[in-house]
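See the structures that follow.
Below are two complexes that have chain A in common, paired first with chain B and then with chain C.
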Partner chain A sequence: MSWLDKIIDAIVSWIRRCIPVYNPAAWNDNDGIQFNNNCYNYACDVQTGTYAQPGRASGHLRPAPFTCQGVGPAAQWDGLRAVDCDRGCGCRDCCHKVALVIAPGPGFNDFHWYRLDRSGGWSHKPGGTPATNLDNSGNPITDPRTADRGAYTVFCGCYCVCKGKVTIN
Partner chain B sequence: MSTNDQPVVFLQVYSGQPDPSWPLEGEALQEVVERVRAARAQRTAEAPPPVLGYRGFRIENPAGGELPPTTTVWRGVVVAVVDGTTETWRDQADLEGFLLGEARRRGHSELLKAVDAPSASSPQTG
Partner chain C sequence: MTPGEELETLVTIVRRQNPFLRAAAGAVALYRERISPRLPRTCAYDETCSEYALRQLTERGLMRGGWAAFRRYRNCTAATAERLSPSSTR
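Now for the complex of A and B:
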């Protein structure tokens, strides 16, 4: 490996240090951690034990019905930053990327978040059930825009979660 | 979460917002106790990976006694923590089917229909 490759590797490693490692065991305890932390907790990589709701920590909780126009800005009040899904979060801050989707109904209205892991794959935690890197068809999630999301048919967009700049509850 | 020591059933269907829940008491509690006891007779493979939408039920029982502290059931598999160890059993007494009936009786029929929950229990796996 040339000195240039080593420098590039070092830079890439430095940037990726902020991206969470896919480690479902840290969430899937079949007990309080798993049951009291939802998709928003998992995507933000913060275990509050409060089933965190976008906007609640910042005093901008939006009641149902859940829409991209309601949940997205509420999350931004918590400190998340909107970003083009095809772009990274930059290296100025220590950030990782997440994605918001909505189940629009009728009869079933909810929101859900995915996160991009250090491996380059995406993972998620459906409510109080275990975290997984598989979609509804059992396939690894390479892109939440094309994954089988069941009833969560509306893709809202991507956001950056930057350490020290996001507070959820 | 329950606010006292009474067992509570959670219909695991949402991801972002809290799941519907209700206290487990009376004849329904006894029915669940018997069906969990029957399930313990046969171990099975691991539970299927979670999906978005309907994912069965979770019973939280903080007081201990006849039920494990936590029990989940979905697609024919019962998962419970017994003495700190997670065990998986075959839902041979159709605990999931019984809880589906309870959920419908408590007014969640439209929600279950919207997420294509089974009309009775799910096919058994494992």
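Now for the complex of A and C:
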């Protein structure tokens, strides 16, 4: 490997440091970490151990029923930034991208988050269950807009989680 | 910027004699060729910062073009991405 390749690798690693690595072992302990951290924790890559809810840390928790218009802005109060899914989060900021989806009901009304990992694939952690990079059909998630999301049929949009600028609880 | 347009831009810059301009354009071209493809999309703008930098260096030269590119990079934040996003709901 030439010195130029080493420099390029170092630059790539430095830029990619902001994007979380898919490491399910850090979340799937079948104990406290797994059961007390949910999809919002996982998407934001923050283990609060409080089963975090969008808006709770900022005092803007929205009660059910869950909608894109309710959960999305609540997350923005926590510091997430709404972005076009085909756009980046900004060259200068240290951010990674997440996506919000809703199960509209009737019967089952809930929200769920996916996150974009360093590998370029997406992963998620449904509630207290293990983190995974597979969708409901067992396929790797290349795009949450087209993945099999089960009951979460409404795709709300993408958000940026920037290091040091997001507080969840 | 298509590959053809990018090549044309680089040729335009190489024809100029300013070695600093050529070095700056070369660094941007190296980024676009070797680094950018290994990253997920990070830019908040439709025209990426490196495309913009190449265009500005070609059209406005090293000092003014370089300053414009630097300002663009400074403004390329998540807040900008949110402002440009149609899905911003709060």
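Heads up, the rule we're going with is that the second predicted complex is superposed on the first by the 157 of 169 C-alpha atoms of A that agree within 3 Å, B and C clash if a C-alpha of one lies under 4 Å from a C-alpha of the other, contacts with A are read in each partner's own complex, and residues count from 1 in each chain.
Basically, a contact is a pair of C-beta atoms (placed from the backbone, for glycine too) under 8 Å apart; a residue touches a chain by one contact, two chains touch by 3 or more.
If you're wondering where the values come from, they're calculated on a predicted model, not measured in any experiment.
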Which superposed partner A:D86 touches (first chain B, second chain C, both, neither): second
First, second, both or neither for A:G150, with chain B first and chain C second: first
Touched partner set for A:G107, first chain B, second chain C, both or neither: first
Touched partner set for A:L134, first chain B, second chain C, both or neither: first
First (chain B), second (chain C), both or neither touched by A:N30: first
First (chain B), second (chain C), both or neither touched by A:C44: neither
On chain A, the residue positions that both chain B and chain C contact, one per complex: none
Residues on chain A engaged by chain B in the complex (per definition of touch): 30-31, 35-36, 38-40, 51, 53-54, 64, 66, 71, 103, 105-108, 110-113, 124-130, 132, 134-136, 138, 149-152
For the chain C and chain A complex, residues of the former touching the latter: 34-35, 38-46, 49, 73-74, 76-82, 84-90
Of chain A, residues touching chain C in the complex: 8, 11-12, 15-16, 19, 68-69, 72-73, 76-77, 81-84, 86-93, 95, 97, 116, 120, 156-158, 160, 162, 165
Residue ranges of chain B touching chain A (in the complex, touch as defined): 1, 10, 12-19, 49-53, 55, 58, 60, 69-70, 72, 79, 81, 86, 110-111, 113-115
